[in-house]
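Supplied in structure tokens, the structure appears directly below.
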Amino acid sequence: MLDNISYFIRRALRNMRQWPVLCSAAILTMAVALATMATFFLVVINIQGLATSWSEEVQVVAYFQYPPAGNQLAPLIRKVEAFADVKQAIYITKTEALKRFEARLGDDAGLLEGVSRDLLPASLEISLKSGSHNREGVARVVAELKKDSRFDDLRFGQEWLERFENFVDLLKFVGLVLGSFFLLAALFIVSNTIKLTLYARRDELEIMALVGATKRFIQIPFLLEGALQGLASGVCALGFLTLAYKLLLQKSLQTFWLTPVGFDPIFLNGNQQLILVLCGILLGSLGSLVSLRKFVRL
Amino acid sequence: MIQLFNVTKSYGKENVALREMTVHIEKGEFTYVTGPSGAGKTTFLNMLYGACKPTRGQILINGINITRMSGRQIPYLRRKIGVVFQDYKLLNSRSVYENVAFALEAQGKKRYEVSKRVYKALKEVGLEHRLQRKPIELSGGEQQRIAIARALVVEPLILLADEPSGNLDQEVTLEIMELFKRANARGTTVLLATHDHSLYKRFPKRVLGLEDGRLIMDHQP
Amino acid sequence: MLDNISYFIRRALRNMRQWPVLCSAAILTMAVALATMATFFLVVINIQGLATSWSEEVQVVAYFQYPPAGNQLAPLIRKVEAFADVKQAIYITKTEALKRFEARLGDDAGLLEGVSRDLLPASLEISLKSGSHNREGVARVVAELKKDSRFDDLRFGQEWLERFENFVDLLKFVGLVLGSFFLLAALFIVSNTIKLTLYARRDELEIMALVGATKRFIQIPFLLEGALQGLASGVCALGFLTLAYKLLLQKSLQTFWLTPVGFDPIFLNGNQQLILVLCGILLGSLGSLVSLRKFVRL
Amino acid sequence: MIQLFNVTKSYGKENVALREMTVHIEKGEFTYVTGPSGAGKTTFLNMLYGACKPTRGQILINGINITRMSGRQIPYLRRKIGVVFQDYKLLNSRSVYENVAFALEAQGKKRYEVSKRVYKALKEVGLEHRLQRKPIELSGGEQQRIAIARALVVEPLILLADEPSGNLDQEVTLEIMELFKRANARGTTVLLATHDHSLYKRFPKRVLGLEDGRLIMDHQP
């Protein structure tokens, strides 16, 4: 058995050495396909990462009709923070509110000069727990707050939230469609390349069968070869991706988002890198297998 | 050893290569298969190692009906049979050594044993000095001898040789015939398809004569 | 000659019919490569289109210390509109300015209730000519305006403009890099596929040479075949792209931009569609040519 | 017609296939090339149609030095030469008709002329009923005859036949020899490499004997 395995590996390696053109063609084709897919994946997870960091900003603002008295404030905050969806509630005084409004107006802040310091109401800024950054979570919190008559007005950017959620859904959908398209294209190209490789070597397959080799005996070295080529292509793709990311993508992503919150571009983590290489191996062996079934008829 | 019952092989509708052939060949027999070009000699041999199935009729080898054999079993049949193909069927991308070793490796033989037996077989056909060449770098006759070495290296129960001396000069032909006779003496059943009248005149053995797919002669010396 | 051409075409077509696997493999590989590149191109031109429509909004706002008298306004506007970079100047009254500010605050507009109608100054909104939507154009206009003491303050979003220009530059750069990467990948894969195709048919090439065919005689049908396959793949890619655009991209692009200005997603125009198909033909013939040079040695 | 001066062909360092061969063959001559397997017969013929160049020495065909010929001119040389290859070199993906027509199409012959001449050539080798088959669906001898038809269809100035009867029975061999003799009578210079002693005993012509790459015999009947 061990003898057999070493024989198969030797034959796979010998094949690859003997047909450097075919071998490198298959490897590079797979590497290109894998790198393309991984690039798309990177873009999608980065957008999603950004989306998550954006959605962390989702909060409900409750305006007071009259600023609460000093001793009423603490129990109120405790009460609000006890809601299932709420992470934290922060009190914003009138002065602070105006300061923020000025900051938000930016260039236009000068326009507020001379306006009464009382202009804006005091409020409670309520941030939500990570599971509740969506329409339902906001709705539940708003419903609870409405029961309290001390709140004059509630702001929660309903419209913005909906639009944002639609956008993320769309993004996922586009990513899925493009992703499957590329996966299919990659599989197709790879299995074609391997089919051509095998086609160019059909005499070999025929003669092996004629001298009494079993189907498995014929197929295993080719499968191994496919797997090895897949491994090589996975490593190539990973190397290419790392380089591209370091030199190009990282910077471009950072600028692209013009990110308001501190968001670091994400690269593939250890597991995902492993998966990429495994995908290569799978692609190579599957491609070989599919094509072999066509060529090794006994 | 080899029994054919009413075997007919046709390609397409009107193209009949073998017609109602019934023949028995004993274990250890040496048999010539002769007949003009297109008589059906190659077709006859092809069916014995499962390269094609008869359209009608049954073929028994060692008592096993190979017309009913599944694809899984055919490799095991072929391991008992050495074939010298009319067109050699050598791999031009592999060395002579690898071409011959192939037949043994396919049977899962140990590396050490393979190299010993391959060397011996190549020596017998007089080509041990061509070990590392590619078949395409050999002369026609040398290629034919490689094909013969590959068939003999597995020490087969049955040897099917299709026109094994078509590209060999008389001297080498005699040597090859000696090899076949020696294998035959060790118990191998030999079937040799040839046009060469001088061959079976010089080494008289049983002769099966085909013409247009029919067995028209079965002559025991 | 005419006889020869018809013979070459017949042979190319016969080849393609005889090797449907090889033929469709080459066609589909090229189609995938072309479609990928064209998709990237579409995304880039759409972002650029959006960028252009964004940059049309670039304008300089000049605030008046005191609203100009009725008879002074018209000459002033004429003077400003005479600047080389200026397309149009529009006068915004104090009331109008406040109205706009309210609209801009959106949800927060309630906060301005009770504020004096005089809060915001009157201004001149100066839009620029299409060639001047950049830093230099804005700088020239601002320099001119500064000479006029009637203007109290000038706003032109310098920072935003810089950031935006950087972004567009980056986009072009990333597009170029990704584009060339895909072009190279496509060329590589196609020439490999064709090389394998020819490799699988090397006996044919050899025997042709042996019976006295000239190099050109051997190569032309393969070149024609490459060109025909390229044509087919170009048409496939175009069809796929149109379908994808109609079903998917158009909608997604529209939503994606959340476009503030009326921006219609752009599809390839007639010329570009032609170029895509021509690219296919070029790819096919070039791929064949490169590979043929390796295989047809006489 | 064919003149070789001190032609040596070696593959690698020590593997010499032809040694210092000098021979003249007149226009319209019929010459056998004989010798044991590996003597250099195929190498000799290969050099005449430019498949390989001699390591040393000069070859003149029709007064033209083909050892100095560029790659561009070789096709035009080959159009004057019909070759029957030892391993046939037929295209298995093409029909018999196409295989034979190929040689004419490569020379840019008109379609009508091609079909007429192909049909005639196939008829001469007795295979006009195999027109639409693939070579792989033919017997060894039939393939050999297709290769002969392809070589003759161009009505060559020189015919190089490498072991053209290795897979043919005596009867067909005689027919084929008749074809060669008829072509020879029309002025074609014929070189026929063979092991078959009986062939040049039956049709006595000039015999060149090779051994180990050396010309050891040049016998005129």
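Residue numbering begins at 1 within each chain, and the chains themselves are lettered A, B, C and D in the order written.
The definition used in the following text is that contacts are C-beta pairs under 8 Å (C-beta built on N, C-alpha and C of every residue); 3 or more make two chains touch, one makes a residue touch a chain.
In this text, all values refer to a predicted model and were calculated from it rather than measured experimentally.
Engineer: Can you name the chain that lies farthest from subunit D, using the mean of each chain's Cα atoms as its centre?
Structural biologist: The most remote chain is A.
Engineer: Whole-Å distance, subunit B centre to subunit D centre, using C-alpha means?
Structural biologist: 29
Engineer: Subunit C to subunit D: how many Å between their CA centres?
Structural biologist: Taking the average C-alpha coordinate of subunit C and of subunit D, the gap between them is 62 Å.
Engineer: Just give me the whole-number Å value for how far the CA centre of subunit A lies from that of subunit B.
Structural biologist: Roughly 62 Å separates the two chain centres.
Engineer: If you average the CA atoms of subunit A and of subunit D, how far apart do the two points sit, in angstrom?
Structural biologist: About 67 Å, centre to centre.
Engineer: Touching at least two other chains at once: which residues of subunit D meet that condition?
Structural biologist: Correct list: empty.
Engineer: Residue numbers in subunit C touching 2 or more other chains?
Structural biologist: none
Engineer: Mapping chain-to-chain touches, which pattern fits: line, ring, star, complete or other?
Structural biologist: Chain contacts: single closed ring, each chain with exactly two partners.
Engineer: Which two-chain combinations touch?
Structural biologist: A-B, A-C, B-D, C-D
Engineer: Quick one: which bits of subunit B touch subunit D in the complex? Just the residue numbers, please.
Structural biologist: 11, 35-39, 41-43, 86-87, 137-142, 144-145, 162-163, 166-172, 195, 197-198
Engineer: State the interface residues of subunit D toward subunit C in the complex, per the touch definition above.
Structural biologist: 49, 51, 71-72, 74-79, 81, 83, 85, 89-93, 102-103, 105-108, 110-111, 150, 154
Engineer: What residues of subunit A sit close enough to touch subunit B in their complex?
Structural biologist: 3-4, 7, 18-19, 201, 203-204, 206-215, 217, 297-298
Engineer: What does subunit A use to touch subunit C in their complex?
Structural biologist: Subunit A reaches subunit C through residues 21-22, 25, 28-29, 32, 36, 101, 107-108, 110-111, 115, 119-120, 153, 155, 157, 163, 166-167, 170, 173-174, 177, 182, 185, 188-189, 192-193, 195-197, 199-200, 248, 252, 255-256, 258.
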